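Chain lettering (A, B, C and D) follows the sequence in which the chains are written, and residue indices restart at 1 in each chain.
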Amino acid sequence: MTKKNFTNAEKGWERGVIASKIANDLPHASYVNLGIGMPELVSQHIKDDREIIYHSENGLLGMGPTPNENEIDFDLINAGKKPVTILPGGSFCHHADSFSMIRGGHIDYCVLGAMEVSMNGDLANWSTGKGIPAVGGAMDLVAGAKNVFVMTQHLTKEGKPKLVEKCTLPLTGSGVVSRVYTDYAIIDITKEGFKIVEINENLSIEYLQTVTEGRVYQ
Amino acid sequence: MQINKIKTEIAEMLSDVFDGATIMVGGFGEAGSPIELLHGLIDHGAKDLTIIANNSGNGRVGLGALIGQKQVKKVICSFARSAKGITFQELYNKGEIELEVVPQGTLAERIRAAGSGIPAFYTATAVGTPLAIGKEEKIFNGKKYILEEALNADFALIKADVSDRYGNLTFKKTARNFNPIMCMAAKQSLIQVRKLIEPHQTNPENVITPGIFVKKIIEIDNPIIETNAIEEGMIYP
Amino acid sequence: MTKKNFTNAEKGWERGVIASKIANDLPHASYVNLGIGMPELVSQHIKDDREIIYHSENGLLGMGPTPNENEIDFDLINAGKKPVTILPGGSFCHHADSFSMIRGGHIDYCVLGAMEVSMNGDLANWSTGKGIPAVGGAMDLVAGAKNVFVMTQHLTKEGKPKLVEKCTLPLTGSGVVSRVYTDYAIIDITKEGFKIVEINENLSIEYLQTVTEGRVYQ
Amino acid sequence: MQINKIKTEIAEMLSDVFDGATIMVGGFGEAGSPIELLHGLIDHGAKDLTIIANNSGNGRVGLGALIGQKQVKKVICSFARSAKGITFQELYNKGEIELEVVPQGTLAERIRAAGSGIPAFYTATAVGTPLAIGKEEKIFNGKKYILEEALNADFALIKADVSDRYGNLTFKKTARNFNPIMCMAAKQSLIQVRKLIEPHQTNPENVITPGIFVKKIIEIDNPIIETNAIEEGMIYP
């Protein structure tokens, strides 16, 4: 197990590439919740062979893209509190109904960022343990969505592995992550450890193991 | 590719139904009763079904007919008595069908709980009555409550008024009743709808059941009205 | 305690008189659920000095009177499955929301029939213990409504007291009834027993005691 | 006599509010935030309030202003961080205000439970996390859940779009959010509404919050928009 910092780490896939890989893994007719930040990019990479319906936990199903400046409506926002649009066939609902979609297992996929993901699928992404604790809908999403995808850089800004044997930060959920998409690899959470689904074409498995805590295998 | 949940054949609607399935049947009395889907289920022939509904059917049409075909082993409902009820009552009196009586509000809440990921909740309803026997009790703020568990289902047979291809449903008046919550609770909700519209015609403010809770839709533009069918002496099949 | 049958019982108030007494006790702006059968009469006796909103547990708030023959809509029925109307300012909802109104304590008054009412407010009105058990919304109503009024004949058809020390039939709710309106009297449930609020002008307290199991007092 | 819940003065809306009250504040971010009622609450002056809301206010308007006036002893919310948040953050860092963090869906469900007579329910959300500490656990079908209790309130401050004199409310787009369930959970829900209509104009199929959950209504036809107010440097009072 490595505890090193990788400050001169290899350059991996761009965020857009990661997003397109996730987009390709979302089947036609899926109901999807994209977390705030990097996961929002996924919707820009969905191909014409499929229709995906986006859920925003503040009571919006059928969310569309960001509006033009002159079409902004402060009453039509997403969970990140940014102006959005609604597509034909979309609908509004209240918060309990919206979270019934999440908690009742009706959201097929959610894509979230991570601070840490452990070998058994534990996720930490809501609190560094410092500052004002704020959780939002993250714990509901990881507990309720049928498939929880994590989209993240493989290393922290400080060059530390985010894929770890055991999370050290406060958990968002325990054993909830199914797959992790990083700039270095696509990795499934399995009983045997981090299973490589795809590795960045410029990297070796040995390198991936070096920047990952806990066993990676193919 | 576009999402399109619309089917054209009743048999296609019911293609995944299996023997021993738990099936919710929407409607209250006859308002919202999915007669055509129920008749489709008779044609399908699945056996040993558990039915979750408010009532137990009237005459020999719809749910009454399904029960009459002996396809149902158990009914979970709030009110299995009815002036026009025949088939359930006959089988029950002969001991050939099981009945679980659930207070109507507890029935609704157990169904909603299933759709909302709540495995169980506490309620004051039925405390101190025979329907509380065997149920876990707990005191909150000095008052006694009992624990009730979620009621899940494999399928829900639902009649709605209007839908688009996503399954955004509206209902008519009191024909709304159990339908929205049953759509939430079933793994597959199967909808017969009076009228199909285009998605851009759906007002997002007025959708009662959003498409996320809907699996398949079929248009039945002039559905059988149970009361009329019984008066006319209809017997299915 | 009497166990007699009162087959030649005194004649009490007509049903319309009982209904008008209940109507007078429902305050302006109350949300009220009237049980199927005799309690339905109450709405015909509301005076012009108040507006009452009627709830029907199958998802109808603001229920109006029975429609004319040519206005019957099979999709607009009450909890008794009979055609009704909706008044301006009324609304429809689904069953879980409708029972949230009941179970969440938002219905101010419900008026129900009874087979037995005990001194501590237990109510039995759903099952004789024979035949097919069918409960409907009665247990939710008595557990949830702020005030539970019972409207009933003082004696059964067989001439037996319905007000009893202890119910013998399966309960609908325990300690739930606040007031009982019979053809003989209006009676409050109190710790001391059946308290007479009003007695039929043709009857004595002694007679009322004779046809009631358990202490009546003024 | 007719039911009429419409008031003309904000002070009349808040006349029953008392020191130490628990008050739900509707809205998500600023969509649906009842700024005028919150400013009325500052004028009212009630102290030691517990606020239940999704967020903890922005700038020095609305909820941010109320907290800045030190009228709030505790906030129960899912997300107390915000780019524009000032007052809560200042008091929290000084240890002068309490915070209970609740996952957003659990917050919504606890509020709905209060309105629906459910004292507690089980949920999978937060199992295995610090927010589950001290909570009762139970296994259903081999999966672990924790028990969460209902969140009741004395008052709810709510912004709606349209109402009639009965309090039949509709909301605009995502400004619906927590408002309907808070109206159910509070002993008195106090509504500021953009537009009043006559009861016969209310479509009974499209009512989102029925009047039974509404106590008082006031028309505020051109409400303050939080983002704009903060940009313009508004500070209340």
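One rule holds for everything that comes next: a residue touches a chain if its C-beta (ideal position, glycine included) is under 8 Å from a C-beta of that chain, and two chains touch if they have at least 3 such contacts.
As the structure is a prediction and not an experimental result, all values here were calculated from the model.
Peer 1: Hop distance check: chain A to chain C, minimum number of steps through touching chains?
Peer 2: Steps on the shortest route: 2.
Peer 1: Centre-to-centre on C-alpha atoms, which chain is most distant from chain A?
Peer 2: Relative to chain A, the chain with the farthest C-alpha centre is C.
Peer 1: I'd like the Å distance between the centres of chain B and chain D, where a centre is the mean of that chain's Cα atoms.
Peer 2: Going by mean C-alpha positions, chain B sits 34 Å from chain D.
Peer 1: Need the CA-centroid distance for the pair chain A / chain D, whole Å please.
Peer 2: 29
Peer 1: Tell me, which residues of chain C touch at least two other chains?
Peer 2: In chain C, 86, 92-93, 96, 99, 102-103, 143-144 touch at least two other chains.
Peer 1: Could you list the positions in chain B whose residues touch two or more of the other chains?
Peer 2: 109, 112, 116-118, 123-124, 172-173, 204-205
Peer 1: Using the contact rule from the top, write out all pairs of chains that touch.
Peer 2: Touching chain pairs, listed by label, come out as A-B, A-D, B-C, B-D, C-D.
Peer 1: Quick one: in the complex, what on chain B touches chain C?
Peer 2: 28-32, 54, 78-81, 89, 92, 99, 101-109, 111-112, 123-131, 171-181, 208, 225, 227
Peer 1: So in the complex, the part of chain D that touches chain B is made up of which residues?
Peer 2: 109, 113, 116-124, 138, 140-141, 143, 145, 149, 170, 172-173, 204-206
Peer 1: For chain C, which residues are in contact with chain D within the complex?
Peer 2: Going by the criterion above, the answer is residues 28-29, 31, 48-51, 53, 55, 61-62, 86, 88-93, 96, 99-107, 143-144.
Peer 1: Quick one: which bits of chain C touch chain B in the complex? Just the residue numbers, please.
Peer 2: So the residues of chain C touching chain B come out as 56-60, 73-78, 81, 86, 92-96, 98-99, 102-103, 122, 127, 131-140, 143-144, 170-175.
Peer 1: Flag every residue of chain D that touches chain C in the complex, lowest number first.
Peer 2: Per the touch definition, chain D meets chain C at residues 1-3, 112, 114-118, 164-166, 168, 184, 198-200, 202, 204-205, 207, 210-213.
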